[in-house]
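Both complexes shown next keep subunit A, but they swap its partner, so subunit B is in the first and subunit C is in the second.
Our next item is the complex of A and B:
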């Protein structure tokens, strides 16, 4: 069990890479160049791991949305049906977005608090890619990217954290402020511009130039460490101040998830967040992957599970049914 | 407080963004804020860059020979058109990079190419897929037979 189980949800490292001389995706209109980029990417995947390759143009809106909900592609790539593509490793722990803002965005993810692991896997792919294409790189500015905010290492190291206690107490605001002073950023679950739904935040480096990859990883790790300790402390405070009222709130949320027959995404997220807190407090036992359950119950993923198109009302019913079943199966229970 | 833009009406829209530990503030009246929609985009990283460009005087007639991006286009979008743009607009872009990133010195790693060696069978399978992709089915069939022979040989041995 990890030290910050119940707080850290996942760690992710993204490397932005481009081929020297070929215009960046937004400026590229040459079909041949597109296929060169795609083919080189896929060739690397062949050398690295079992994978699936999807061109956005060949996927339905639901399929694209489902991959986005699973954090494997960005919203921008999901709508790029002109030349967007993605390579997804079969274990879904690595994906390479092709022709997003840059030619390649290699991202590796794990479910623990281990940025180094994510970096080394992204890096392995990067090295193979460098063996197949001439990457755009200058000694002074590092890897050359479409947006100057990604120059240098081209790296963004981010950790997704679940911070209900700091959110309830309002202390999260001053924490976000201090984090920003350290040239780090705090975003919502689905990246730039998204809300911190489900008391979940992504902490990542803002600056990508002038620091080594190791320094970036160490900085983010150090800050996340401090934030997690603050959350642990705040959870203790919350328990001692709110006491039985908090327990009541958590168990009512659990009651909703195990008994409801109609469940919206928002209600699921709210209740599941409280249940997660209840699991951390030892009030609720659930051996399954609750974060995975939340993702499976997002609209497009739910439709995929149902195997047929469902409208919003039908989804709410099917979502409630899915959650009831999964919680029952995962030995969920009132401890 | 008066609007930063028209200097006439009261400012009602306040935009504050943090760049490398330094807050940049803008105070606009609702009308100027509406007219300057793009400035509200300051909240996104590319918006930060493009809003910085608007405050910097630079040569506007420059064009990247590789991708055709002009300096004006670059200023508007805050994005480079290709890797060569960084040379073509060096004078304009470096001060921006300095402000966004705080430095101009890359200290991270350089590309370290790795060429993976494939086994003979893997290489043949790869060539077969390529042949299929190119719809050269005769070649694909030939390669398939070679693979079969190799696999057969392996099983017999």
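Our next item is the complex of A and C:
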């Protein structure tokens, strides 16, 4: 069990890379060049791990949405049905977005608090890529990227953290402020511009220039450490101040998830977040993957599981059924 | 199992009796006369069944409140600490209020739909009483009572019914109207002037003069029959119209009762009422006595169970704990 189990949800490292001599996707209007980029990406994957390769143009709206909901592609790539593509490792711990803002965006995910592991896996793919194509690189600026904020290492290291206590107490605001002064950034679950739903935040480096990869990882790790300690402290405060009212709130949420027959995405997220806090407090036992359950119950993923189209009302019923079943199967129970 | 199990909660018969030659309690100002009435009542009880005898003056406020909550005495008697008293059979299926509006109010309860049984037990006590004291009786008017509406048989036959479907659909209003035109009356759970909380109503005869006891019982029984059939029909409608939304509502209520850590009397009543409907629909299994649970969780009864004084906040916590335990012990479960 991780030290910050129940707080850190996952660690991610993303590397932005471009091929020398080919304009960035936004400026590119050459079908053959787009294809070359795709093919080189897929050829690398063949050397690395079992994978799936998808061109956005060949996927249904639901499929593209489902992959987005699972954090494997960005919202922008999901709608780029002209020349967007993605490589997804079978274990889904690595994906490479192709022809998004940059030619390649290599993204590795670790389901714990280990940026170094994510970095080393992203880096492995990067090395293979560098052996196949000449990457756009300047001795002065480092890797060249479409957006200047990604220049240098082209790296974004981010950690997804679950901070209900700091959110309830409102202390999260001053923490976000401090983090921003350290040139880090705090975002919602679905990246830039998204809200911090489910009391979940992404902490990542703001700039990628002028620091080594190791410095970036160390810096983000250090800040996440401090935030996690603050969350632990605040959870203790919360329990002593709110006491039975908080237990009541958590257990009612658990009662809703295990009994409701109609459940919206928003209510699931709200209740599941409280139940996660309840698990951390030892109030609720659940051996399954509750974060995975939340993702499975997003609209497009739910339709994929159902194997047929469902309208919003039908989804709410099927979501409730899925959640009831999973919570029962996962050895769930109020303690 | 009763035909109207899940609809009829209980049947009650009450007989009002007074001793000839002694003014009605309201007009009486003679300690010795009050004592005579009490003593005669208790002497009868000795001949009838194991019982407890309580003078209101000797009971704490909580004790008097608790007995009231259990429908064994009226709100009026509970506050009459001058000369009010009550005899309660150990099985609590018969109580005799002494020096309430009349000298004696004999009340027998049957936990099902059987007014005849309740009447015959009330009548047994009445016969013993008539052997000990000369009851105020006129050949023309029948039994003489403090309030003219009780003249004649001095009897009120009432059936407590649980009518959620008729309440939800609003059809209860026209039913109440029709019942009133048949010289019957519909009231809330705690008698005259009380609201129909928990979708529960008391149907009883309005007048006791000009009809025999048998006619009154037959009349009330017939009307309750019709109302129960209407409720059964309406439950079917409700299920077909509301479908999963109703199931959701019921199961969320069950989830609240089995998980909440803070529970008010009002929320318990609301949720338990939905769960009772869920039991009738086969959605929830519970082998215990849910109506008994609701009564045990009324404020004064809860304090009696706790064995110590509890303020309102403490009661809400203890109530939630009690309900969780009972529902688990009672082999409860969502089906």
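By definition in this document, the second predicted complex is superposed on the first by the 335 of 335 C-alpha atoms of A that agree within 3 Å, B and C clash if a C-alpha of one lies under 4 Å from a C-alpha of the other, contacts with A are read in each partner's own complex, and residues count from 1 in each chain.
We adopt the following convention: a residue touches a chain if its C-beta (ideal position, glycine included) is under 8 Å from a C-beta of that chain, and two chains touch if they have at least 3 such contacts.
Just so it is clear, the structure is predicted and the values come from calculations on it, not from any experiment.
**Q** Who does A:231 touch here: subunit B (first), subunit C (second), both, or neither?
**A** Neither partner.
**Q** Which holds for A:93: it touches subunit B only (first), subunit C only (second), both, or neither?
**A** Once the two structures are laid over each other on A, A:93 reaches no partner at all.
**Q** If you stack the two complexes on chain A, which partner ends up touching A:102: first (subunit B), second (subunit C), both, or neither?
**A** Neither partner.
**Q** Between subunit B and subunit C, which one contacts more residues of subunit A in the superposed model?
**A** B
**Q** Is A:114 touching the first partner subunit B, the second partner subunit C, both, or neither of them?
**A** Neither partner.
**Q** Identify the partner contact of A:261: answer first if only subunit B is touched, second if only subunit C is, both if each is, neither if none is.
**A** A:261 contacts subunit C only, not subunit B.
**Q** Report for A:24: first if it touches subunit B alone, second if subunit C alone, otherwise both or neither.
**A** The first partner, subunit B, only.
**Q** Taking the superposition as given, does A:69 touch the first partner, subunit B, the second, subunit C, both, or neither?
**A** Neither partner.
**Q** Let me check the overlay on chain A: which residues of subunit A are in contact with subunit B and also with subunit C?
**A** Shared contact residues on subunit A: none.
**Q** For subunit B, which residues count as touching subunit A in their complex?
**A** 18, 20-21, 43-46, 48-49, 66-69, 78-84, 86, 93, 96-97, 100-116, 118, 126
**Q** If you look only at subunit C, which of its residues touch subunit A in the complex?
**A** 244-245, 247-248, 251-252, 254-256, 258-262, 317, 320, 334
**Q** Contact residues on subunit A for subunit B in the complex?
**A** 18, 20-24, 26-27, 46-48, 101, 124, 126-128, 130-131, 135-142, 144-149, 151-153, 155, 180-183, 192-193, 206-213
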